[in-house]
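Chain naming follows the written order as A, B, C and D, and within any one chain the residues start at number 1.
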Amino acid sequence: MTEARYTAAEILTVLAARHLSDGQVVFAGIGIPLLAATLAQRLGASGLTILFEGGVVGAFVEPGKLPPSTNDQRCTKRANMVLGSADVLLLLQRGYVDIGFMGGAQIDQYGNLNSSFIGDPGDPRTRLPGTGGGNDISSLTNMIVAMKHEKRRFVEQVDFITSPGFIRGGRTRAESGLPMGGMFRVVTELAVFGFDEASRRMKVLALNPGVTREQVQDNTGFTLVFDEKTAITKPPTEQELSMLRMLDPERLFIG
Amino acid sequence: MTEARYTAAEILTVLAARHLSDGQVVFAGIGIPLLAATLAQRLGASGLTILFEGGVVGAFVEPGKLPPSTNDQRCTKRANMVLGSADVLLLLQRGYVDIGFMGGAQIDQYGNLNSSFIGDPGDPRTRLPGTGGGNDISSLTNMIVAMKHEKRRFVEQVDFITSPGFIRGGRTRAESGLPMGGMFRVVTELAVFGFDEASRRMKVLALNPGVTREQVQDNTGFTLVFDEKTAITKPPTEQELSMLRMLDPERLFIG
Amino acid sequence: MLEGQLEPYGRLRDNLANRDRSLREKVMSLEEAASLVQDGMKVGIGGSTMSRTPMAMIWELIRQRKQRLSCSRCIVSTDGDLLIGSGVSDHIVTSWFAQGILWGLSKVMRHHIEKGGKRYDEWSHMAIGMRFRAGAMGLPFLPIRSMLGSDVLRLRPEAKAIDCPFTGEKLLLVPALNPDVALIHVQRCDAYGNAQIDGLQFMDIDLAMAANSVILTTERIVSNDQIRRAPDQTKIPFFCVDAVVEVPYGSAPHECYGLYEPMMKHMNAYVAQVNGDPVEGMQAYLEKYVYEPKSWNDYLALIGLEEVLEAARSGRSIYND
Amino acid sequence: MLEGQLEPYGRLRDNLANRDRSLREKVMSLEEAASLVQDGMKVGIGGSTMSRTPMAMIWELIRQRKQRLSCSRCIVSTDGDLLIGSGVSDHIVTSWFAQGILWGLSKVMRHHIEKGGKRYDEWSHMAIGMRFRAGAMGLPFLPIRSMLGSDVLRLRPEAKAIDCPFTGEKLLLVPALNPDVALIHVQRCDAYGNAQIDGLQFMDIDLAMAANSVILTTERIVSNDQIRRAPDQTKIPFFCVDAVVEVPYGSAPHECYGLYEPMMKHMNAYVAQVNGDPVEGMQAYLEKYVYEPKSWNDYLALIGLEEVLEAARSGRSIYND
């Protein structure tokens, strides 16, 4: 690439959208997840059912009217159902949801997310906003996380497990009382990650176009596992990018 | 009385209605309780809030349109709120209800009600319909029961405790895990009964007009406690009776 | 899986993961929908007493001669008579089982429960509600503060009394009830199964969420556009629904809120006949009203146009002022 | 009673038994209603994030210089900034606390929680919901299947992990939350407090049932007759409501479903000011927008007619097709 055809947030959103398929039920957080799920709906997966934490089932967010949170009325326009916010979370517990889809502030090699404290929780350097629905979603279903790839965000061990991934790897998640779900994919502007079936450590599944293994490793605070033949993701198409920009004309979430 | 001015069901209903006061929240069963609560509302207690098991809060049943069960739409006409039937029962558990008001098939000296089995539950002579909301109501709030006074209905010990009164008397109700509520009044066509504060045994509070102690005792399957000076209830007034007959012109519940 | 026995969480989740929860049309005939109900299933029944009973679906289950259904409902009325009287069900789980207070005891219930070897498991009304709700919430149990101290509890070892780990107070834990299939009748839904319910909801929302499959019968099928214009009126979401059947007057001779009241002449005649002879009387009723009619509309014709119209007039009167 | 500590059932029942639950008019001014909130109370806040926040009531609590309020809400936004920034609250119980994703971290929250000695107790979103729900149901706890294995749980010894007595599975019991008072803003209610809520309900129904008293602010007071014509639209029953205050635009600058969207220019200016200096900036904001206005309408005038009208135009557009 001689010139960037897209921003980091744009490729993040497009790649995340590709991981959703028609007929799934996805619980989407605000920002990139909401946008990526809506993009997937508009690009063929019209039967994708989007749930929002505010209490929305089967949403169809309007282009150019992105909500400032998943608790705003914009989330409900043309939705199939509106219900209480505890009740929409209980759908996860009952098992109606295929995929939880969130952003992340900090992640570790086992896919644990931290959105609560930087530093010692007893005397934190930074008090972050907290879990919101993140803990419930990641505890109860399969997760896709879309986040910016920075060394300080990809750490060996998070300061605080807000939203559990595979805890300490192996079977520790199930042993903690979380028999279902777990981290499925992490999508960043550099690569797409999965988790090893046995160790439950993060591994690179595919590099984004134009990104090297070294670049990914250099921006990561722990040693990554690479497959022999790491795939290369197909770049965002014109159709993907133009639809995305149509959805977020004010570039609220795509930067 | 040379001539009966009213039927047994009529005096039962009128006396029961007198035990309800303006401002109370009463959970009423079908039949006489529904009718008596509605009568109380029409006779001055217009702020009496009636709840029905079907999921109705603040009902105002229309004269001549008595519902055949508390789950019918007639119960909801001019009601303040309609909600789920588990949720209306939970109002009892939370404590929003002052009085539970039911009919009874069989009662014993401790105010326990049986509407499940006559005879041995393992091989019953009669399988009765069962508890409905009766068990929940009597477990969770103060009870008024309106029922026909017959020896086979007023027994020393019920064959089966469907809706708990004071269980075996004394503190056995609280010890069974039911710290709140309990049997408050039993109203029949012969007398009005309360329960002794210590022993929790049924005692006569007032005789209905024209009824003797002997009559009440003869129609009761256990030895009743009478106060020194048992009161005599004032007979139903013309106003009470005419309003009652206006409410139930088809004599659905007043026989 | 016996009623009262708990499915492990993993199995419950697997059942749901394997259901097609996509936004898809699922309109079918009464016959097709009834064929989804298999012998021996745990069946949850919507509505209560004589209200919003999924009567057309029960009628079709009897025509298809289902067997050994274990049926749960908050309060069981004529539906229970027909289910056990026809031999379709041998097990009723509820808090109250008769025809209705106007008719005294059900002789059909008495005959089959006292002497016919059929089972009626009694729970408190709230306990039934909390069992469906636990099922809907993906929980193995919910605590309640009733049933304690009573003989109703003594006959239900499926429930467990505990001392509250926070307060030491006595509580009763009632096990989740996740029916294999729920039968629910509603006023309106779309072709995907997004359902609106007017008036009394009874336990239908929890029941729909708890069940491993849901068959909706509906007075009418409306467009998905109409549903989307008032999403806060949707009470059951499409993804827990597996079949949608349009059956006008599908609760007859019971009522459907805002549309028709119970058809009392038919009910009176029915009760007189089956309580007169709970075996022969019931058999004759089933022959004439269930097995012989060619369609649900034929059954309605037997109830009679005048009674159907009168029920509709009074049903709609709830909105007259 | 500290947040997280359970009231014995008897005390909870006594509190409720002593409330006047009769059908009576309870309309009062914002000032009178706010005076029902006492220093040190546990306050439950309705709505979520920037939606149906009872902002007028919070504004009045700040004007009345309340102290030591312990405030719980499913998701806390600007309301939390104002409550801790003004000194009214020293304790927030929620799952998420910032101004909104558009503005990054709240410097007000960070300042007071990291260094100011104020507390923010974090629970999962569902845990908060189940705590209100347990309170609403008259139960000491509800079980959940989340929070387990996380550090969120490690900081919350108020919750108890158990092995399910039915299945042996691990469950977390979260304690009931029964606020002393709930503040809830609705689109419509009658003078008795029968409330209708359009669109997103959040946790407001459980909150209302759980609280030991409820103060409703409402966009408009409608007749009891209107409520009775559609009783299935009533979401909060009058008998759990203790005060009704009519405050048009009572959620400003947040949104009220179907009536107005958030007033984003004001929000942007607010965030710039308080995140610029969480102490002085906040103080200046409070002076100008909270302490000085003579009335809520004066406050709205400071937001500006144009912005209020624009928020109403977009708010009502939800019903445009």
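One rule holds in what follows: a residue touches a chain if its C-beta (ideal position, glycine included) is under 8 Å from a C-beta of that chain, and two chains touch if they have at least 3 such contacts.
Model, not experiment: these values are computed from the prediction.
**Student:** Which contact partners do chain B and chain C have in common?
**Tutor:** Touching chain B as well as chain C, we find D.
**Student:** Between A-C and A-D, which chain pair is linked by the larger number of C-beta contacts?
**Tutor:** Counting C-beta pairs in contact for A-C and A-D gives the edge to A-D.
**Student:** What's the distance between the Cα centroids of chain A and chain C, rounded to whole Å?
**Tutor:** So the centre of chain A lies 40 Å away from the centre of chain C.
**Student:** Between chain C and chain D, tell me the centre distance in angstrom, where each centre is the average of that chain's C-alpha atoms.
**Tutor:** Roughly 38 Å, centre to centre.
**Student:** Between chain A and chain D, tell me the centre distance in angstrom, where each centre is the average of that chain's C-alpha atoms.
**Tutor:** The mean C-alpha positions of chain A and chain D differ by 29 Å.
**Student:** Using mean CA coordinates as chain centres, what's the chain A-chain B distance in Å?
**Tutor:** Distance between chain centres, rounded to whole Å: 58 Å.
**Student:** If I count partner chains per residue in chain D, which residues reach a count of at least 2?
**Tutor:** 9, 138-139, 144-145, 169, 171, 199-201, 232
**Student:** Do you know which chain A residues sit against two or more other chains?
**Tutor:** Residue numbers touching two or more other chains: 56, 76, 82-83, 90, 93, 179.
**Student:** For this entry, which pairs of chains touch?
**Tutor:** A-C, A-D, B-C, B-D, C-D
**Student:** So in the complex, the part of chain C that touches chain B is made up of which residues?
**Tutor:** 48-51, 74-75, 77, 94-98, 100-102, 105-106, 109-110, 113-114, 120, 122-130, 132-133, 144-152, 155, 161, 169-172, 199-203, 205-206, 255, 257-258, 261-262, 264, 315, 318
**Student:** Which residues of chain B touch chain D in their complex?
**Tutor:** Contact set of chain B toward chain D: 22-25, 46-47, 49, 56-58, 60, 76, 78-83, 90-91, 93-96, 98, 179-180.
**Student:** Which residues of chain D touch chain C in their complex?
**Tutor:** Residues in contact with chain C: 6, 8-9, 138-145, 160, 162, 164-167, 169, 171, 173, 175, 198-201, 229, 232, 321.
**Student:** Okay, in this complex, where on chain A does chain D touch?
**Tutor:** 30-31, 53-56, 68-69, 71-74, 76-77, 82-86, 89-90, 92-93, 116, 121, 124-133, 135-136, 139-140, 160-164, 167, 172-173, 176-179, 252
**Student:** Using the touch definition up top, name the residues of chain D that touch chain B in the complex.
**Tutor:** Interface residues on chain D, with respect to chain B: 9-10, 12-13, 16-17, 20-24, 136-139, 192, 194, 209, 224, 227-228, 231-232, 234, 237-240.
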